[in-house]
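Here is the structure we will look at.
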């Protein structure tokens, strides 16, 4: 058994203490007077975006429940899931050595990243949202790999959820470095070396016809909270089915030397019946951001497309027999 | 196994389902579950690149003919944080790869398990690099 | 009388002094101190762009037709006086042959064609702006081209664990000049579109010096014992972008090369 | 055709005369930054050919009478309605003087060529130079219209003799406007809107690897004469057969309010047995310089090549 055990960081009283201390701690200031968010941060967490069904009514873990829960989740992720069913096994090709999904729940102890709606679930799609989602699914079903555009943005090395925005925890490389210069907050996202340079001078957004993968962000400080408004998304970004009219509001509040509470509100009336909000705690890391040159080594894309062509040839041959 | 509570089970299932979605790409799209391979060979080159690291190995078959295989691994950045570096895997090392061949029939496979001949895992922070991260595993 | 006379002289002297201060920056002997950050360092923050034709060819070159006939004059190479100090890049003979072969096959081999990361120093003189966000411990350079980026560590983090496209940058101040030592390169990037290349033994030392408020003097010393007989240096001014509300925009060019790189694997290739 | 004019005028007035006296010692005004002022619009059209026609033999100068007679005959001849005897010559004479501006005067020195050195007024080709010129002529004869590269640079709208350098008078549009600013002399050439910006700070030339149609010029003042050294020519312009290594020295001297004397010396040992010099007077002109957008309206090239292809197809 090649079970690789992972030393589980057991969270005890420390967790409870830091949530309580949130209110009183005031962040230091950068040279030009901004609350200091600088440093390398990770938003890896095992807390899922939406609350799992069996925890429907439970918005928070009690501090005592956290350790056991975390232990089980991490061990479960590490079990060598050699599967009888081959395709599932191929699908789980890595074991934990390659993943870095994190080993802790969010410091707020919530059972989901989503905080509003209260049930921790993404609100219902509008009719148009349903239609659009169905169309995308159908396109993917009919054309899994006709050309590179049919693969996901991560497989095309164009955009990862870690960059978003919103910046979502992901399978690995959940690392960010924040720099603050006069009039700017810059966030370097490790995957895929995207840098969000957020001007704080209240300038207008780019013209509405200019659409960008990471949208166009404007920031301002409300007390110790950095508020970032982002618009101008493309219709190709589709964060969980969002449209190009997505209006995203992100809030960064440093609650203690090692924690930034990152909260985002998704407002896209063309897709969801009402806005929804999620929170992720970003934890200070003493690691650094490494280069994630994705496109340069993307043998996978060729492999996938050639694989599809090979399968078509085989099925054609089989059919012809 | 029995002691896993309902929560753990639920979480486990959710996690399981989530796994492939989060991978850089669904391996099933590139590799073929119906053609498993077991390759024993000598490393000729280690490409520490994203999105996936690739090991190039020379594999000798029964009558000595050598073919070069490319083995796809995970994203290296995770391991860099555990102290792995370009000296962790160097040309000349003997390794064993359990995985699946590429669908297009080329000499490519995914590194389901990559171990030394003695069964020790290759990709751990502790392969002689004294890096932080997971406890040494026997 | 004497006092008024004395005041007159003093007045004249001060006027003289003020006049010299008002002289244009270039006329003053020392480089003007320029704007400063809160911790007293030259303030390099801002959006900058190079205007030379270095990305076409670091060395002096005449204008020439481009490799793509249908592009006509759009694809032609503009002329450039070159940015290499001493005109020539000191290639080893066999390495010069590789460079020439690179140029001959540049549409296949130049990483820029495939929107690969530009490496250093090429990222600086790509025909796109870059932005510097300067903090005491780290200096971020974000490049509009292919969202390339570099963090300059003001405290050396030790040797790079693996080779990378943009290398590992460690900076320190020498007087009013930011000196950046860059190592840990892979052998993939080129220096320009003329086939100038390097191996993973590349070592680059960059120097950024403010030259007045809106100009940076950029120098880079390039060293690679496998390719060049000795270190060689390039230098060029970098100009601040002064448009109102100027910002970096997105040039995420991977999307633009998918047809080029993967079109042949389409189910229905555009031109089989 | 040109030779016949000379013979006609010569018969009329055969007498030798000394060259006219040198103009008095004119001192030009100064620009704001102290350069001798050679600004303004100038024209270098003239009836005097670059080389002395063979028919003139050793005659270096015309007499005033000869000059006047010649000028009258030349202008009349240019204006004659040259409806040709056969269609081919008629087509060749397609334009009459209305379209041309070859000038109406010989050079004031009455010299029988623009070339002043060598004395015979002829280009001193070396053996190699002659061999190359002959080979070029032979190639042109046998590949007259294969492709656009076989057409003259002017027909291709790439470069006219008026720009050179050296700057020779053309059949028309021999107009130049000179501007002077601190450290620079700039010459705007009407045909084909080429501007020669000549720095005066004695900076080095462009690297030898860089070749340009108009070369790379550096200027300096010697008294009231602007001396311009030009190198870095391409191997495509071939001024009178010269190679890319041609070195050109031009001298601009304002000799009176309305005259700018332009001398140039060509040095290219691979082509000419020795350096040779010509002198062309540029006279003040009212201007302005008009736009000469040549390439944009170049219907001729597709017409010429298309015609050749059609004829070849028909011949098959």
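Order of writing sets the chain letters: A, B, C and D. Residues in each chain are counted from 1.
Here is the rule we go by: contacts are C-beta pairs under 8 Å (C-beta built on N, C-alpha and C of every residue); 3 or more make two chains touch, one makes a residue touch a chain.
Quick caveat, the model's predicted, so the values are computed rather than measured.
K.L.:
Could you let me know which interface, B-C or C-D, is made of more C-beta pairs in contact?
P.N.:
C-D
K.L.:
Taking each chain's centre as its mean C-alpha position, how far apart are chain C and chain D in Å?
P.N.:
One centre to the other, that is 45 Å.
K.L.:
Distance between chain A and chain D based on Cα centroids, please, to the nearest Å.
P.N.:
From the centre of chain A to the centre of chain D is 72 Å.
K.L.:
Averaging only over C-alpha atoms, locate the centres of chain B and chain C and give their separation in whole Å.
P.N.:
Taking the average C-alpha coordinate of chain B and of chain C, the gap between them is 38 Å.
K.L.:
Suppose each chain is reduced to the average of its Cα coordinates; what separation in Å results between chain A and chain C?
P.N.:
Result: the chain centres lie 33 Å from each other.
K.L.:
Give the residues of chain C touching no fewer than two other chains, as numbers and ranges.
P.N.:
In chain C, 161-162 touch at least two other chains.
K.L.:
Multi-chain contacts only, two chains or more: what residues does chain A have there?
P.N.:
Within chain A, residues 145, 157, 290-291, 293, 296, 301, 306, 308-309 contact more than one other chain.
K.L.:
Counting only residues that touch at least two other chains, what does the list for chain D look like?
P.N.:
If we look for residues of chain D contacting two or more partner chains, we find none.
K.L.:
Can you list every touching chain pair?
P.N.:
Chain pairs that touch: A-B, A-C, B-C, C-D.
K.L.:
Flag every residue of chain C that touches chain D in the complex, lowest number first.
P.N.:
Interface residues on the chain C side: 59-62, 79, 81-82, 87.
K.L.:
Quick one: which bits of chain C touch chain A in the complex? Just the residue numbers, please.
P.N.:
Against chain A, the touching part of chain C is residues 37-39, 45, 111, 114-117, 131-138, 140, 142, 147-149, 151, 153, 157, 161-162, 164-166, 188, 245, 247-250, 252, 254-255, 258, 262-263, 265-268.
K.L.:
Which residues of chain A touch chain B in their complex?
P.N.:
Touch list, chain A to chain B: 2, 4-7, 46, 48, 52-55, 68-69, 72-73, 76-77, 81, 86-87, 89-95, 97-101, 144-145, 151-152, 154-155, 157, 170-173, 175, 190-191, 287, 290-294, 296-301, 303-304, 306-311.
K.L.:
Quick check: in the complex, which residue numbers of chain D touch chain C?
P.N.:
206-207, 209-212, 234
K.L.:
Would you tell me which residues of chain C are touching chain B in their complex?
P.N.:
161-163
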